[in-house]
Amino acid sequence: MEFFTISLLNGISYGLLLFMLSSGLTLIFSMMGVLNFAHASFYMLGAYFAFTTTQVVGYWPALVVAPMLVALIGAAFEKYALRRVHKFGHVPELLITFGLSFIILEMVQLIWGTSAADYRVPGSLDGPLFTLYGTQFPTYRGFMMLVAILMLIALWLVLTRTRIGLVIQAALTHPETVEALGHNVPRVFMLVFGAGAALAGLAGVIGGNAFVTEPGMAGAVGPVIFVVVVVGGMGSLAGAFIASLLIGVIQTFAVGTDSSLLGAAASIGWNITPETFGYPLWKLKISQVAPILPYLFLVLMLIFRPKGLLGTREG
Amino acid sequence: MSAVPQQIEKTAASAAGVAPAITRYYEFKPFNVGRWIIWTLFALVLAAAPLVFTSSLSHTMLSQIGIAIIVCLSYNMLLGQGGMLSFGHAVYSGLGAFLAIHALNLVSKGGLAIPVSLIPIVGGLAGMFFAVVFGWVTTKKAATPFAMITLGIGELVAAMSLMFPEFFGGEGGVSGNRVTGPAPLGITFGPQIQLYYLIALYTFVCTALMFAFTRTPLGRMLNAVRDNPERVEFVGYDTQKVRYLAFIIAAFFAGISGGLAALNFEIVTSEVVSGGRSGAYLLFTFLGGATFFFGPIIGATLMVVAFVFLSELTKAWLLYLGLVFLFMVMYAPGGIASLIMMNLRVAAFGRLRELWVSYLALAATALIVLLGAAAMIEMVYHLKLNAALGPELRFLGTTLNAYSVNSWFGSVFVMLTGLGLFEVTRRHFVRQWGEIQEFIEKEIKRRESL
Amino acid sequence: MSAVPDSINRTVPYTARAGATSASQLGAMPAYALELKDLRKSFGKTEIIRGANLAVNAGERIAVIGPNGAGKSTLFNLISGRFAPTSGEVLLNGQRINGKRPFEINRLGLSRSFQITNIFPKLSVFENLRCGVLWSLGYRYTFLKFLADLHDANDRAEQLLDMIKLHRKRDVLAINLTYAEQRALEIGITIAGGASVILLDEPTAGMSKSETRRFIDLIKEVTVGKTLLTVEHDMGVVFGLADKIAVVVYGEVIAFDRPGAVRANARVQEAYLGSHVADAQVGAH
């Protein structure tokens, strides 16, 4: 029972983190039609900036400073590089963000080295939030969920209640009309790209110390959020939300489950030996399969419901 | 391809059951000398290369270049010809390699009686098989979702490589021995040079086949799907089927490349299906030029040379590569091949000579910028990675001190000066280039109306 | 300019080729070339096409007119398979085609052009036309034959090139043509496969008066013997080209008759001119 509850809470917090990342990605995609391959790299940058800021001034300022730095980098990239390739089509846009992810990876390794950075949870947030049946639920996870929820509420409020949010919503579907009405749409694009980068950076600030902060972190979480976006339906924020939680929860459960088909067979008296055909499949533990679950999800979704859970836009 | 004028009668009319109205179209098809020359030259280069570059390092590199050419051309079938950006092409070349090496081991144990020279075909068939399985799901979508799906499936296979050590060999990979089985005419493929000629043969044949593909109905409809997938449906073709078939064919050639790699290195590790490998294919095919058939050949050569030489020259080579790629996407999305062709076009109109000075100036100023930037990058790398050796490093014949202000100031100064000069030469070049392009457009119009 | 070669006009209908049975083959009343039965289409809660009915005989030239936003392009999209109708039927030579995918409909003998030019930009003019021809000649997805050896496909592409008068621009990339040339190429691709029912969506959009006149002559030439539906706004073109006119207003076909009758139709006048003026006009006769 405790395993279930704790895993569920952990899964939700991981899913919320995934949603923080995929929401920025979906926003950028919906508005500009660009799938930002470097989004996970912004996540990584956020974590590393937070690491350095924490060492210099402390953790709490990092929550503000790191996302802002990432936002600046994102906005600058949009203005000086991405804007130039809009006219070439979607493939070059994807390629240039791919190039950016490559460069960010190299720069991170250059500045911070190739091994994991010792980015720690701050002391005030360390320790258990509560204890359920003997298993602890870390305070920091609760903090992560809090930040994620606050951020999402703020995002929703900005999009629906402010003027700039209204302009952004309009430019999501009709950028030329919005421009004809006198709004500086290129600047709006830059703003959205920067904001998306900031969201990813913030996710990096709170996720980098809960999980790991190393150069490989972008490559680890990047494909997962792209899967989330495709599974949720490209361009749908609600779909991304559901898909993030689903994948977060399922993967967390899977990582903690050590049973395998072999065990299941044994429990009904069926003895599987190394000679049995397909033994490698039988002895696979679910925890070993956990890393590929999102991709299996992707394949199944594509077979049975290609437009995703709540898809509205084609790629 | 005959030199006589041909008279073509319309026989299609008779299919409609109407008395044929004969319209004669005279076609003059001159003997296509140019094409025969190019292919003969290609074959000659492949055959003669190891005789010109005789060191064993060269032979290894030439073998790798041959393998890379096949896989990059197959990748361009998707990217350049089909408009399909795949982030997971290494899956098919890699799985081809794995099945090839397992087949090789079976041959060694006596369980399979095929000659070593046909092992790459096993790889090709494996690639094809997996493309039939994965490709149906992959090609259900187009453009951006397609790219994401290839990424997902690439990660799926890469992750699976850790789950099934029996097939993927775990950390150490799967090894094999290519000196096995019957040795016809005394050719055992033990020495590198023998293997090179096998690779060269496969390279020539595969290149010819892939080129032929571009001249078939499926190849042309693939281009049409790239240009306008919606319109293709309205002329009677199922777009998904075109993509699916092209995907399978591309995977076949990728698998052959994997099989050759298995023979070449005699070991296959899970790196061959990794995302990094897929990324490399993408990067270098694009650098070489996706819009021309021979572009990936340039890209493949660059790939091997970069991995072998550049990585020795400087630790920052991946960063340089990324920067070059970025600038290529922004300023020359057609790759090196398009740059060559654009200049060939200028030469065909007789205006190339004027550009030489500009090109020289551009190159010189760019070099200055590069020197300054590289000095700084090298100093940072030195500080990070070679800190134990002290703050001094040798850079192109001079000694830099990573801690001294002089070195830094000097580098920045050189770089900024170079940037300024580059900008001046660039503007001049752009004006010149624009004027030449206008001239060419006018010439074309003039010749059209003759 | 030579007469349209007979091979372009398929006297053997696609339906027979595809093996489908049409009403005519069963010995019943000959089927209409194109028939719409109570066709409806909603996007979300908005119903755009609200019960359209139409019956077109083979070989007729129909102009589809109506105020902006009436749903003319949507009708074409429904007929050609770009969208699936919410309810109702579309029959091509007696065979139901609603809900089929565009390429299935095209293979049954219906072809359409687009209001916004929809060609293959990086292929040459000749290649564009040849792509339009390949399936109809049975070449499918083959990669074992060379394009250069497909004499019938190449011949047909050459004929089309002559018909749309772009033989001078044979090897020019489609993206480099002028607007009017691209529109001509658009028509060329549409008729390339020899379909018996042709839908042209505002073929002369954006053209000058003289270009329009020449273009209409071209259309008349290349669609001899075919069933033609064209969306048009230019009334001079409409009255000169069409055998019958279909008037679409608010997603319904409110009139379908010869040009003279339509001009006098009260409902049509009301739709275009407003009820007061229509009453006055009727009163004046």
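Labels for the chains are A, B and C, by order of writing; each one numbers its residues from 1.
Note that a residue touches a chain if its C-beta (ideal position, glycine included) is under 8 Å from a C-beta of that chain, and two chains touch if they have at least 3 such contacts.
Keep in mind that this is a model prediction, so the values were computed, not measured.
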item	value
Any chain in contact with chain A as well as chain B	none
Most distant chain from chain B by Cα centroid	C
For chain A paired with chain B, centre-to-centre distance based on mean C-alpha positions, whole Å	32
Separation of chain A from chain C, taking each centre as the mean of its C-alpha atoms, in whole Å	48
Cα-centroid distance, chain B relative to chain C, in whole angstrom	43
Set of chain A residues in contact with two or more other chains	none
Chain A - residues contacting chain B, complex	29, 33, 35, 81, 84-85, 88, 90-92, 94-96, 98-100, 102-103, 106-107, 110-111, 113, 219, 223, 226-227, 229-230, 234, 280, 284, 288-289, 291-292, 294-296, 298-299, 302-303, 306, 314-315
Touching residues (chain side chain B, partner chain C) in the complex	8, 10-13, 15-18, 21, 23, 25, 212-213, 215-221, 223-224, 226-228, 230-239, 241-242, 245, 249, 448
Complex interface listing, chain C residues touching chain B	2, 5-7, 9-12, 80-81, 101-103, 106-107, 111-112, 114, 118-123, 127, 130-132, 134-137, 139-148, 150-152, 155-156, 158-159, 168-169, 189, 192-193
Sites on chain B touched by chain A in the complex	79, 83, 85, 137, 140-149, 151-156, 159-160, 162-167, 275, 279, 282-283, 286, 316, 318-319, 321-323, 325-326, 329-330, 333, 377, 380-381, 384
